[in-house]
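Have a look at these structures, which come just after this line.
First subunit A sits with subunit B, and in the next complex the same chain sits with subunit C.
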Partner chain A sequence: MSQVELRSLTKHYGRQPALDNVEVSIRDGEFFVIFGRPGAGKSTTLKVIAGIEDPTDGQVVFGDQPMNGIPPQRRNVAMAFESYALYPHISVAANLEFPLKAPGRSIGIDERQRRISEVAELLEITPLLNRRPSQLSGGQRQRVSLGRALVRSGTGVSVTLLDEPIAHLDARLRHWLRGELRHYQQKADTTTVYASPDYVEAFAVADRLMVLIDGRVRQVGTPLEIQTHPADTDVAGMIGDPKMNLLGLDSSGELARQARQHGAHPAAATVGIWPTDAKLDRTQGGIPGTVYVVEPLGEDAIVRVDVPGGRMQIKTSSSQTYRPGEPINVHPAWERAHYFGGDGARIGGGAL
Partner chain B sequence: MDRIRRLALLGVWGLFAIFPVYWMAITAFKEQRDIYQGPFVVPGVDFQPTLQSWEYIAGTGRDQILLGFGNSVLFAAVSSFLAVVIGAFAAYGLARYKYRFGPFTNSDLSFLIVSQRIMPPIVAVIALFAMFRFVGLLDTHFGMILVYTWFNLPLTVFILTDFMSRIPVEIEHAAAIDGYGKFDQIRKVMLPLAMPGMAAAYLLSFFFVWNDFLLALMLTFRDAQTLPIVITALSAQMEPRWWLISAIGLLAIIPPALAAIVLDRFMERQVLRGGIR
Partner chain C sequence: MASVTLRNVTKRYGGAVLAVDNISLSVADGEFLALLGPSGCGKTSTMRMIAGLEDISEGEILVDDTITNNLSSAERNVAMAFENYGLYPHKTVFGNIAYPLVVRRRSRRDIEDNVLRVAAMLHIDDVLDRKPAELSGGFQQRVSLARALVREPSVFLMDEPISHLDADLRSVMRGELKRLQKDNGATTIYVTHDQLEAMSMADRIAVMDHGVLQQVGTPLEIFNAPANEFVASFIGEPPMNLFTAHVGASDDGRSPVLIGEHELLVLDDRLRAGALADGGAIRVGVRPKDFVLNASASDASMPAEVRVAEALIDRVLATLDSPAGRLRLELPAGTNLREGERVRVAPRADRIHLFDPETGKAIRLV
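And then the complex of A and B:
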């Protein structure tokens, strides 16, 4: 394990920049998540750290050891590929054993067996150990791929790279494994870099996250820091489940008037309101709107409301029923609203 | 109706495939006069089978036939092996790296290699004869292995390039991540996954060498003669001894058939399934 530093990392494919001046320091033993939409450069970042891709510019440093020009096999990284990349000609057990048997790694047969069964147990693939990858379902293959990376933790791996390692599992396993991965990582104390486009997954497991948009780092921080202080409207637009409501404050509108009245920054062009930070009622006051659609989700319900400035998603208790087309008043918790300037950058608000 | 049509087609095809072999088999047990009279189709009914040809093979012709047989096996086995090994390296390069020479790229390079096989071999054979005479390779084992390897390389490169470019590069990357150097990546991952392609390329090379007549005719005259040349030589002095040709022909089916049976196990087409999403 070690600290991983990316210094002004740039990667071009042809003329297209996939990574643009990425600068971040991943701490020793940290569970670090790269959060971004598909195509943002998450996989590219992992591949550059692993040494599969060479950066066009900039440096990868493990501890105080510059890694540029060092091939993957000498970096001692573990990685689960988004595309799985299993060895189709050997069994699941042999796939898991493959990295443990690499030249120069003197891991005895007993220790190899112990590790394989431990990881197989964790990932619920014990009954599959004698099968070939072609005999597995997609989700099972993904777990084998994850297992091949995890089986090495604690064998002196510098960093474990996980590229959307649970994206193709069913909801139950995804939820369960998320916690298990976190637990496993803490127990083995391995520096882990995890790429995910999924808000819930990313924020659930991360010690810290890096928000990547179009190959640029837009924000680095703990999940709480990013949730309470999103750096700009682009970041704010990616977080929350449902997403944070971002509404334009055009100067003459009712929304803007109310926002100013409740202490909005004078230069604010956009207001961000968490779906849980607004109440709905049928009395006077608040922002007048119309119910667009209601999604009941057990105890809670998501109500989408058309208001001047956009459409809001509001999370309410499902004890109240709303009908589409019904006029309604939205009461944001203004003291917790986020304000962003004309360029999208955060300018204030967002108290907890 | 469909079934009948299918069976009829199958029957016609089967006749074309099996009858020549059957004819060769019974001819090997005929005497010359049974061959020229006839047609005699059923042994024991139309004609009396004789072991004349087999006695000749075990007796008078034995040394010469053994020489041709041995040479053919040696040339086919060794030159096909070399063509597959060298071809695999070339194919790996063509499949994994991008080359650029002025306006020319990988596909031009591939075409250049395959284009060696566009011209009929007779074009090359006279030049080869001159070259071989100059360096003293005429009628040598080494020379024949060399010429067959050269001749089969375009084929193996062509087949293997296609095959290797189907192996996902991520699997190689995974092997690198797992701690294996370039050589081990190729040995432990690429080679097993390319095995079906290599087996197919080997077989096709083997068949070509086994059946080649032209190159052996021009470049050998005694020590390095191959079986097709020996067969021809046995008949050249007088009228064609079809019974003998057929008997040796039957024997000549065995090595390529064995090669096909052995290599068939490696030709599992689905070998890449399950590797990536």
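And then the complex of A and C:
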């Protein structure tokens, strides 16, 4: 295990920059998440750390050792990438054992067996250990691929790299494994870099996150810091489930008038309101809106409401019924609203 | 506009494989029905029989009062959007969407208006002059959907129409499709494996597993009163916690449900209906939101240890180890839990689900 530093990392594919001056220091033993939409540069970052891709510019440093020019097999990195890349002609058990038997890793057979069964149990693949990869479903293959990275935890691995390792699993397993991965990582105390486009997954497991947009770092912080102080409207628009409502403050409009009345920053061009931070009612006051559609989700429901400035998603109890087209008043918790300037950068608000 | 009725419909492949097992179901005129289940449950076979793309092995399918078993796909006036797009590669996006109207000899003006309207709604109006091969899977999926929507048929059939879109667009499209269906009032049958789509969009959900219809009801009926353990585990996110407890000796017409020596709740004996012997097993289901944390030791509760806590904006998700096994809890935002911390958890008595350990069927007061 070790600290991983990315110094002014830039990667071009042809003339297209995939990573643009990425600068971050990942701490020893940290669960670090790269959060971004598809195409943001998450996988590229992992590949550059692993040494599968060379950076166009900049450095990767493990501890105090620069890695540029060092081939992947000598970086001592454990990886699970989205394309599973299992050995087709050997069993699942042998696939899991393979990284433990590589030259220079003197791990005895008992210890190898112990690790394989521990990881197989964790990933619920114990009944599959004697199968070949071709006999597995996509989700099962993904778990074997993940297992191959985890099985090395605590054997002197510098860093574990996981690229959307649970994206293709069913909902139940995704929920379990998320928690289990975090638990396992803390126990093994390995520096882990995890890429995900999924807000819940990223924020649930991370010690700290890096928000990547178009190959550039927009924000680095703990989940709480990013949730309470999103750096700009682009970051704010990527987080929450549903995502934060971002509404334009047209200076003459009713929304802007009410925002100012409740202490909005004078330069605010956009207000951000969490879906759980607004109430709906049919009486007077608040922001006048029209129900667009209602989506029940069990105990909760998401109500989409058209208001001046945009369409909001509001999370409310499913016991209340609303009809599409019905006029409704929205009452934001203004004391918790976020404000952003004309350039999108955060300028205030968001008290919790 | 039309209603759709399935009477004892069965589908066998190659004489042996039973894909759909004796399903009876009716979809009212103007209703949005979701066919929900895991892959291989028979939902797509069911839809393909309604569309006329598969023969029906046994039973009947009616559109309004007409038996459609022997009608061709074209004669049924159903429109479909497929998971695997089925687009014409040599036609532009505009040409693909317009095609159903062209073959119906609609006026040029009419075609153009309708194509543009549907394309704008699906955010594909910028790519109308491209060919399908130039587009990503998500775009192709929306073109396929647009081609079905432009026809205004009596019945819409949609097979996972938004499953390949990225999460943000999927969320937007859920709302758009639901609103569209409410506006045009077309009878819609929507196949999905995603419980969130079914819950949020459908008027009623038909849950299938292994070719068998497990339950039909409104989203809230299915969420609040799942008919069996399969439905209980398939609906809701995070999924319901399910574990085995045992029933203690009856006292004064009431019996405790226990995990080890910990009493979780007291059952009215009317629930026992003879099937649950003293000391017998019972399956218990508790949704992640339906636990109370740090109940007092005198309440019906059990000890647990925090394994992982995940803090999100509007809630905390936690994994706990308990005598009932590993549990997932959804707690209010700001709940402070340290890993390794010992707590007591109690299921909310009015929100517990009970299932027969043999059949998996829900046990309810009658």
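Keep this in mind: the second predicted complex is superposed on the first by the 352 of 352 C-alpha atoms of A that agree within 3 Å, B and C clash if a C-alpha of one lies under 4 Å from a C-alpha of the other, contacts with A are read in each partner's own complex, and residues count from 1 in each chain.
The rule is short, and it goes like this: a contact is a pair of C-beta atoms (placed from the backbone, for glycine too) under 8 Å apart; a residue touches a chain by one contact, two chains touch by 3 or more.
Computed from a predicted structure; not experimentally measured.
After overlaying the two complexes on the shared chain, residue contacts for A:Ala120 are found with neither subunit B nor subunit C. When the two structures are aligned on the shared chain, A:Leu297 is found in touch with subunit C, with no touch to subunit B.
In the superposition on chain A, A:Pro72 contacts subunit B only, with no contact to subunit C. Once chain A of one complex is fitted onto chain A of the other, the partner contacts of A:Leu46 are absent, as it touches neither subunit B nor subunit C. When the two complexes are overlaid on their common chain A, residue A:Val217 makes contact with neither subunit B nor subunit C. Legend: residue contacts after superposition of the two complexes on their common chain; A:Gln186 is shown touching subunit C, with no touch to subunit B. When the two complexes are overlaid on their common chain A, residue A:Pro88 makes contact with subunit B while staying clear of subunit C.
Within the complex formed with subunit A, the subunit B residues making contact are 168, 170-171, 173-182, 184, 189, 192-193, 270-277. For subunit C in complex with subunit A, the residues that touch the partner chain are 38, 166-168, 171, 174-175, 178-179, 182-183, 195-196, 199-201, 219-220, 223, 233, 235-239, 287, 289, 307-308, 310-314, 317-319, 326, 328, 333, 339. Only residues 37-38, 170-172, 175-176, 178-180, 182-183, 186, 197-198, 200, 203-205, 223-224, 227, 239-243, 274-276, 292-293, 295-299, 302, 304, 315, 318, 324 of subunit A touch subunit C when the two sit together in their complex. Subunit A makes touch with subunit B in their complex at residues 47, 50-52, 71-73, 76-79, 81-89, 98-99, 102-105, 132-136, 138, 141-142, 148, 168.
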